[in-house]
Amino acid sequence: METRSVKLSSVDVALEGLEDGQTLIIGGSLFHNKPMHLVREIARRQVKDLTVVSVPQASLDVDLLISAGCVAEVRVPYMGFEYLGLAPGFRKAASEGTIRVWECDETHLLAALEATSRKLPSGVAKAGVGTDLHKLNPDLKLVKDHITGEPIMAVGALKPDLAIIHAAAGDKYGNLRYAGYSFGDLIIAEATRQGGGKIIATVDEVMPNVSFTSDPFRTDISCILVDHVIEAPYGAYPCSSHGNYQFDEAAILEYVNAAKSEQSMRDYIENHIMSVPDHEAYLEKHVKLMSVVAARAKIYV
Amino acid sequence: MSSKNTSVAWPELAAFVLSKELNDGEIGSPGGARSEIPLAAARLAQLTHAPNLMIITSAAGFVTNNVGRPPAPLFHSTTDYRNIYAGAESVLHFMSIFRTPRDWFFAGGMQVDSYGNLNMTAIGDVKAPKLKGPGGAGLSYAGSVARRYFIYMQQHSRRSFVNKLDYVTAMGYGSGPGEREALGLVGGGPALVFSPLAVMDFCDATKRLRLRSVHPGHTVEEVLDNTGAEMIVPENVPTTALPDNDVLEILRTQVDPSGVLQNLKGSRND
Amino acid sequence: METRSVKLSSVDVALEGLEDGQTLIIGGSLFHNKPMHLVREIARRQVKDLTVVSVPQASLDVDLLISAGCVAEVRVPYMGFEYLGLAPGFRKAASEGTIRVWECDETHLLAALEATSRKLPSGVAKAGVGTDLHKLNPDLKLVKDHITGEPIMAVGALKPDLAIIHAAAGDKYGNLRYAGYSFGDLIIAEATRQGGGKIIATVDEVMPNVSFTSDPFRTDISCILVDHVIEAPYGAYPCSSHGNYQFDEAAILEYVNAAKSEQSMRDYIENHIMSVPDHEAYLEKHVKLMSVVAARAKIYV
Amino acid sequence: MSSKNTSVAWPELAAFVLSKELNDGEIGSPGGARSEIPLAAARLAQLTHAPNLMIITSAAGFVTNNVGRPPAPLFHSTTDYRNIYAGAESVLHFMSIFRTPRDWFFAGGMQVDSYGNLNMTAIGDVKAPKLKGPGGAGLSYAGSVARRYFIYMQQHSRRSFVNKLDYVTAMGYGSGPGEREALGLVGGGPALVFSPLAVMDFCDATKRLRLRSVHPGHTVEEVLDNTGAEMIVPENVPTTALPDNDVLEILRTQVDPSGVLQNLKGSRND
């Protein structure tokens, strides 16, 4: 009897095939479960002209890729820092016209992903009817419903080339378990797999396979939807690994403040991305033990 | 703590006013960029007149009811994991968030017009906007399905209350009565607008923005001076009622024990 | 501070409003999680002309309602007893033309339910293209995809009046937890709720609410999707409560054999349904302690 | 147990033949009314040449791999809870069952024609059929998305292998080459048909049913006498190869230790 192969990978192996102009979809939402380690690795590789997708909400993840000059188009229903303000890099690039923005409602993006996940050519949403969204976004088509004839918004299937997600734990075969909410990561993985793309997951820790077989109902994402598992403790930092550790508000504000001038943003990117060869170096340089101890303790209020 | 002689910050007033709009047995989701306010409103409703109200923290799928449970802290974000301690009984699968009923939603916006249409897209030409907004989020979706929704504006100015939106991100009543029905939008549309200055609703007949009450310390004139949108002003406009001490006590000891609302940036206008 | 109201109900209260000609949707699949207690109660009330829906698979549940004369139309993608053979009541009624059959693929029924759950007028599936299904079922409409124009099957939203499901456990507020798989019960509850219908759940046991708040990720169906909870130990018997107790093959075959003549089926229905006033009486009369002990023990192989 | 001199029941032969069609690293679902056979085939493949094969017990969403685990009993139904003991690592949400890839599916049918189209609807007029079938199940769906699928027939007769189906419940190759592509069906169509008498596949050029091998104890003539559907018969038709003792040992000790396949109704033709 042969044995199963494992999906534990290095970042270099996992990111093979990453190219300018690809469509990258990022899991998590707002400040949570953002695969920040991979975001920094992609930024450090200075990939260009990416179409970056995230649903429902993106903040530091997509904004950092924009500030690092990797992005040509943004497809994110809500792009901002919520109670910490607007997304500075996104706002600047949009105002200067250096990025395209795919204006949408979150249900348009979800319809496009769900269509791909079901191998259907398109999906629909009622959202957008009566708005200007389809006038700003040529991929949104106002049509008549097949049965009732009422106005409805159709959108073609979206097929990401690469999905990056972060979970609290995974096993060597690619099964993933979240400590808190998994947000849109499942539909993101399903759409990417069904569309022919690649899925990379970072995990705070690798657990034995028996931890999954002992309670398979607890597995949030099946190994059939994961191509590479990268062990990256605190891999979502400074964002949260939802339910595992809280986000570091001060570290996020450090980025927001750096965005106040081009020089300070260049310095930030040099300091946090270009000058750190790998995740271990990043943790060494930017993450204090006591700050992750605090981020963990905060989980319990 | 005693709440007597403690002035009420406008986010607290917002939570109180909005809580009274929520009925027992309803299901809804707090949202918007300042979601502490609607989250506090919904929890206050649960702990006062609406014990069967169920809160879905939309973006994180927690379904919560805090009745009869120890006070839980209020956090800045509805996506914060720690909302699980406020009586979460179930967690919806992400796609199920869009398959469950909403009697109400909360929405913010950069611009609102006199029919409750909202702009979250951009101020100025979207190709090179003066101010790029965060995007549509789920505003248009929520507006299309929710039985009703509540708009809360963080500023009340001629730039935020306008007659013509730069872009329509989410449709309220469009250009007037009957338009939602004609488009087959099943949701009922916006019910109320809360701002730091006043409470507004919409006239049943015309679907026009209408001044309902002005907050203590402010005047109708001040509201009109800061409103660029056409607004119906009744002959008698009452002052927005403050919470009584019992309700304020519940708000400050059980809903927001750490005083998040009192200390929100720009929360003081006294 | 007021207190919450509870949803624990008697069968009579829960079934108020049940009427001839309504659309009834039944949870579970094949021999699993079928709310047999409620199926018997509905049959005993001799409701007529029901449109009965179940997805993905129905067996004893729907077949018994057909044999009891409650059914006008069947909307079930797979109607049979799997390795135990064809569905005798269904087969007989279909051959005699006493029921209408809504010919479909399971993805047609799911598209119709999902549309309702999302408050959309219709849904689509690729299944059926190139088949005779839409020639046999006027509710299936072969259309051109909104974006690509390729052939696709559209179906209008389906709004059940009443959903009946069975879970291993629930609390007094209506939160449900399954021991095994919940099959299509969630989308069934979502579609029924969003379509304006009523959802009744039987549970093998009522657990304290703290069992749900202590691990809300384990809740399979939220209380917002349940109107009535009926405590009915072994409420799925002779079907399984998936992961809680196995189905009783002998008891199911007893029905299959009874179907061999009209007289023996009349006797079966009299004996199992008409002559038993309530669930307690049913258990007293038809379920031996040792058979449920065995059904439980079988869970562990 | 030693498997020597033990005759192979046709369901065992089916499991063996079908297991060889499954490749390492693939994802698929056993299905059909006699799902013990494809379930055994997939587990046998995992334990022989395809350790990275993942099985999704479609109707119950269990994703399983039994490599390196203790033998698990074989049950009659893929929906049986106890399949969880055969190396279930995850359980798909019900709607996710329709959002995950399938390299292969298994399908049964009441009638199959020479292009692999299937009838599960009815024999005779559907208004008052001689035999009402169980319905479409997920056959048409599976046939539309799976990279390929395998058909196994429990009877091989002129009534089950026909030139014209009473009704087309699931489309195979329709009326010939190019038709699937023209309709935009992304799946590859049927790859193989297994019956108690023979193994059949489909000619690449014509998409016509083609005799591939005849089981031991049966003849080409016998197959043709019992086949109402047009079928390509090559000059040399080999006998279906039996599993060697090692594979039979794995099948009988690790995949089906309790002999479910050997004792299936009608499993013996010796």
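Per-chain residue numbering starts at 1, and chain names A, B, C and D are given in the order in which the chains are listed.
Following the convention adopted for this analysis, a contact is a pair of C-beta atoms (placed from the backbone, for glycine too) under 8 Å apart; a residue touches a chain by one contact, two chains touch by 3 or more.
Every value quoted in this text rests on a predicted model; they were computed, and no experiment measured them.
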Chains in contact with subunit B and also with subunit D, listed by label, are A, C
When I count C-beta pairs in contact, which pair ends up with more: A-D or A-B? A-B
Chain centre separation in whole Å, for subunit C relative to subunit A (CA means): 38
Mind checking the centre-to-centre distance between subunit C and subunit D? Centres are C-alpha means, answer in whole Å. 28
Touching at least two other chains at once: which residues of subunit C meet that condition? 114, 119, 121, 125-126, 148, 150, 186-187
The positions of subunit B in contact with two or more other chains are 62, 84, 91, 93, 95, 98, 144-145, 184, 186
Contact residues on subunit C for subunit B in the complex? 1-5, 114, 117-119, 121, 171, 173, 175, 186-187, 190-191, 193-194, 209, 212-213, 216-217, 219, 221-225
Residues of subunit D defined as touching subunit C within the complex: 33-36, 59-62, 72-73, 76-77, 79-82, 84-85, 91, 93-95, 98, 121-122, 126-132, 134-141, 143-145, 167-171, 174, 179-180, 183-186
Please output the residues of subunit C touching subunit D within their complex, sorted ascending. 29-32, 56-57, 76-80, 82-83, 86-87, 90-91, 94-97, 101, 103-107, 110, 114, 125-133, 136, 148, 150-151, 180-187, 240, 242-243, 246, 298-299, 301
For subunit A, which residues are in contact with subunit C within the complex? 119-122, 124-126, 141, 143, 145-148, 150, 152, 154-156
Contact set on subunit B toward subunit C in their complex: 24, 27, 47-49, 51-52, 54, 56, 62-63, 65, 67-69, 84, 87-93, 96, 98-101, 144-145, 184, 186, 250
